[in-house]
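Presented below are the structures under discussion, each in the form of structure tokens.
In what follows, subunit A forms one complex with subunit B and a second complex with subunit C.
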Partner chain A sequence: MNGHRQRPGPAGWAARGALLAALAGLVLVVPAGRGNVEVHVFTQAAIYAVIGLSLNILLGYTGQISLGHQAFVGIGAFTAAYMVSRAGQPFLAGIVMAMVVGGLQALVLGVVSLRVTGLYFALVTLAYGTMAEESLFNIQSLTGGSAGQPAPKPAGFSTDLRYYYLCLAFLAAVIWVDWRLMRTKGGRALLAVRENPKVAATNGVDVKVYTLMAFVVAGVFAGLGGALLAHNDTFVVRDLFDFQLALVFVIMTVVGGLRNRTGVVLGSAFFSLVGYFFDKLFSGGLHVPGLKVLPKEYVPIVIGPVLLLYTLTRHPGGVGQQIRPLQRWLRGGRFSFKDTHERDVRVTDARA
Partner chain B sequence: MSAHVLAQAVVIGVITGAGYGLVALGLVLVHKSSGVFNFAQGEFGTVAVYTLYRVHDRIGVPLVPAIAVGLVASVAMALATERVVVRRLFDAPRVTLLVATAGVALLAISLELWLGEARLRFIQPALGRLDRFSLFGVQVSDQRILILVALLGLAVLLGLFFSRTNLGLAILAVSQEPVATELMGISVRRLSSFIWGLAGLLAGVAGMLAAGDAKSFGPGFMTFGALIPGFTAAVLGGMNSLPGAFVGGVVVGVAQSLAVSSSAFKAIPGPGAVMVFVLLVVVLTLRPQGLLGKA
Partner chain C sequence: MPVLEVERCSIRFGGVQAARDVNVRAGEWEIVGVIGPNGAGKTTTFNIVTGFYRPDAGRVRFKGRDVTGLAVHERTALGMGRTFQNVGLVKGSTVRENLLTAQHLEAGYSALAGMLGLPGTFAAERRLAARAEALAEILGLTELLDTRVAGLPYGVLKRVELGAVLATDPDLLLLDEPTSGMGPEEAHAFGATLLDLRREFDLTVVMIEHHVPLVAQVCDYVYCLNFGELLAEGPPDEVRSNPEVIRAYLGQEADEVLQQGTS
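Then we have the complex of A and B:
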């Protein structure tokens, strides 16, 4: 920065406003003209964005990773479904309970795994996720077993479109909370820990406590995501929450771009939508000569790892890094690709 | 639980657990030398099993050369992972590498699902007789005896390798002091390839033995079946001890087997997975340096 930065003129602001309005229109208006099936898919994209932001807190801010996020989300979903259809509680009570349970899980697993320096949260959550899949989700009285548990849409939001707007509102709230939290003392401490854990600790930052706080926030978001997912499907079945899903969650966050909320939201939405739109484009599957047809449910897990490895080795900043010039321009700066690479972000671990 | 059921659970647990121990050995080797939690370790084994199945059951190549081809496949996958992914990220934070190896595992699982379909394949164990041997009054199939013999042989070979050969000693040196080892004129990067290849070989052997025991396999066979017990075994060994990892594997195998056959756990679905999780939590809470690890 050299003292006086050039601000855009009225035409420049108008162009920026027009682009923002077009983007808002895309998100708010386009689904209104679509059928219920597609609105349901768009809603899922918004919910995946919540889950992606939850993982972004872990990977982006603490440098730890959860490989059991399908269990965090799944337990949130089953908690919400149980509260509504077994305990007869209202929608909001289910949401709150799912968030509380999500935060508690993350706290307990975090306390255990932070006993040792290193990425033990990954191991503990991996074992936890498998246990949830094989044991917890099969407890008939809590989850309905293989039949599943109903979770009707809340009163007032019973159509797919209304529920879509409700989920968008929740997503906006999560983005806002995430943004505000990163500006508190705890958020700045986490940034310091990420830059250099030893210096941060010397300056009186309790690394463990702030990492645990971040785990809890991530768990709360994951629980919320699960609860929203339950009511979107109106029925929770255990088979949805398998290990592949946990890996897709990780991939969408990293490919989206750690520490860039817009990037994470875009990455999550992409991986949520890709199966459906792939199926629409190649109804009947993609025919690669010499290869088998790729069914739509395998699309995210086939292209996901490829995109992930490409992102990690070539563009560690993910989508977020690619869209940074545009983000700068929208804030009134110049559109240039300069210094997109200087601010190269990496997955940084605080404790390993 | 009657004495016979107990003995049976222990014998089966020791044999499965020794397989977990092999997976754990590979995990510890890689972790000691490069600080990476290798989540692709299980899939190295599944790839060996798929290759063995293709070559032996489909094309009809005799068993012994087919096993060799399968092991070559798992070693090749491990080497490719090291070359294409790990080496490029050599200076990246460890969590990046963890995510990358998880990506490799998912890539393998997705290709198995896509090309091999989401179904179980049934195979004949290499040795079919069930009633020839008995240990502590428990009948043990020839296949399980084969597993036991193979594992013991491999353990002895590894022991000799790490204590008697220059390469083995160099690996131990790298895992303790990489910088000093580099200064002694040993190429850490070249050793890194070798260690990954060895980890791939161990996973391949573990995968083939486990598939022969289970008599069926599917996509992600070793990731879902052996990776978590393997990691738990490695943690039991403190994540840095090779004998500790092997012993840890046996402990995990026996604990899991007892949980599955015990009547006390009847009310809980999936007792094996619960036991592994509980074991991991207990070890991290009470003895985070591992059973044989130094504080």
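Then we have the complex of A and C:
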């Protein structure tokens, strides 16, 4: 951190502005010219980012793993769908209720986490997810059974494109809350509790209250994500919320980079879009020189683990670490790869 | 009225009586030393005072109020500040972030208001940041504000930790071996710093300390613990020349060797 850092000239700032504008354009304009199927995929990416930020609060800020996040999200989805199609409530009421229910169920798990930690807590969340799948999601009136529960898009946002922008707005709100959380006393308290509860308490932090707060905020985000997901699909089916989804949530958050907001958003969006892109890129299968063609359906099985291993071994900080040179450059620093290969991101997140 | 009164506190862990009938008092503006060999129960006493341990018997009074049943963070709110033997900092964060974290109770807004980004919280954060920088200035940490704590040398960590404790705005400072890892000259300089800080921040200090010259330099009163019990108390010179204290430090075998030498 030397004091005399070189600041870019007007041309440098213009280049940075141009890149930012291009990125914003990518998010805002590109989906506009696309068909409904594609917009639906992009919307899902924005919603996954909300879910990733939810999980990041538990996994990143408090160091508690949740293997039952599909239940958090699913309950949000069914609550919103139930509110709209069974209780005849408006869209916004469904969203709010999904957030409330999401927060409440997370609070219950938070209370458990005060007693049971590490690997055992991971098992509790796993059991919770399975329990929700097997019992809650089988309640006919809540989920509509195997037929599913309709969740039409809200008035005024009935096209896929408009709904996409609505979801972007919700994502922006979640990013805002996450940003302010980590810039104020609540976030600092969480980081202290995660690393050393004794030190946190000595600093005046009520460890129990702040642990529960983290769970509630994560639950509220997850409930919101679920509700948005429901209306994006316009039909919620219980089969969507299986354990595999929970694993995708965990992986996208870790690969995105724990405690790294931009990384988590990008990682989540990537994992949401990856199936779609693989479909497009490798519609004829993957041609490996000297070998036979790898059929389309096997491409993700090969490429997925390769990407995952590459990221986690070379960049333990995930996408957040990979994009660091670019972020530094955008803030007016020099473009260099100096700390992307450094092992400065310590893997201290396995509490088990 | 004494700031801190530990009255006949006892605690047992399984078969080990870690503290028995320990009494410690610290009056306003006093610097009280707690000495004793390893395993004497010094840190145990600190843990009873700060609320990490609940004593089996006895009371802890702080500024006249019985705090025996209060949690650690509640005692911090009342004005207790404590450092740890192995440095109580958030190691993954920078010096600045640690000084901000320690101002948890000084923020003046709720965590909810903070995360919603309500208008007043931005000004409050600027105020906290200014205070963190002022504290860093006092302790000579300005250059290190944006350095991550994890890589810093031990002596610097101790200073950062002192800054963090002061950031909680304490009336009573409990220091657990503040000069461990320091040489005699550094320890002497720390004594001078401590006297300055007491005046500047209006502090009462209780410190666990092994540097005898430092204890003699700054302490008004000294308690010596051994095997969880109070062995001696009094002004530093008196305790230092107490034969029981000398025996506790040198050990029984040394005592026998001395006796054999004289017979």
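Following the convention adopted for this analysis, the second predicted complex is superposed on the first by the 299 of 352 C-alpha atoms of A that agree within 3 Å, B and C clash if a C-alpha of one lies under 4 Å from a C-alpha of the other, contacts with A are read in each partner's own complex, and residues count from 1 in each chain.
Everything that follows uses one rule, which is that a residue touches a chain if its C-beta (ideal position, glycine included) is under 8 Å from a C-beta of that chain, and two chains touch if they have at least 3 such contacts.
Only a predicted model underlies this, so the values are computations on that prediction, with no experimental measurement involved.
Look at A:A192: by the touch rule set out above, it reaches subunit C but stays clear of subunit B. After overlaying the two complexes on the shared chain, residue contacts for A:Y128 are found with subunit B alone; subunit C is out of touch.
Judged by the number of subunit A residues each one touches, B leads among subunit B and subunit C. When both complexes are overlaid on chain A, the residue A:Q89 reaches neither subunit B nor subunit C.
In the superposed pair of complexes, A:T202 makes contact with subunit C only, with no contact to subunit B. Contact with subunit C, but none with subunit B, is seen for A:L181 once the two complexes are overlaid on the shared chain.
Contacts of A:S113 after superposition on the shared chain: subunit B is touched, whereas subunit C is not.
Comparing the two complexes, residues 346, 348 of subunit A contact subunit B in one case and subunit C in the other. Looking at the complex, you find that subunit A touches subunit C at residues 1, 176-177, 179-181, 183-189, 191-192, 195-196, 198-207, 210, 213, 217, 346, 348.
Against subunit A, the residues of subunit C that register as touching in their complex are 50, 52, 71-73, 76-77, 81-82, 84, 88-93, 97, 100-105, 107, 109, 111-112, 114-117, 121, 125, 146-147, 164, 168. Those residues of subunit B whose C-beta lies close enough to touch subunit A in the complex are 35, 37, 39, 84-85, 88-89, 92-96, 98-100, 102-107, 109-111, 113-115, 220, 223-224, 227-228, 231-232, 235, 239, 268-274, 276-277, 280-281, 284-285, 288. Of all the residues in subunit A, the ones that touch subunit B in their complex are 59, 63-65, 67, 112-113, 115-116, 118-120, 122-124, 126-128, 130-131, 133-135, 138-139, 243-244, 247, 250-251, 254, 291-292, 294, 298, 301-302, 304-306, 308-309, 312-313, 316, 346-349, 352.
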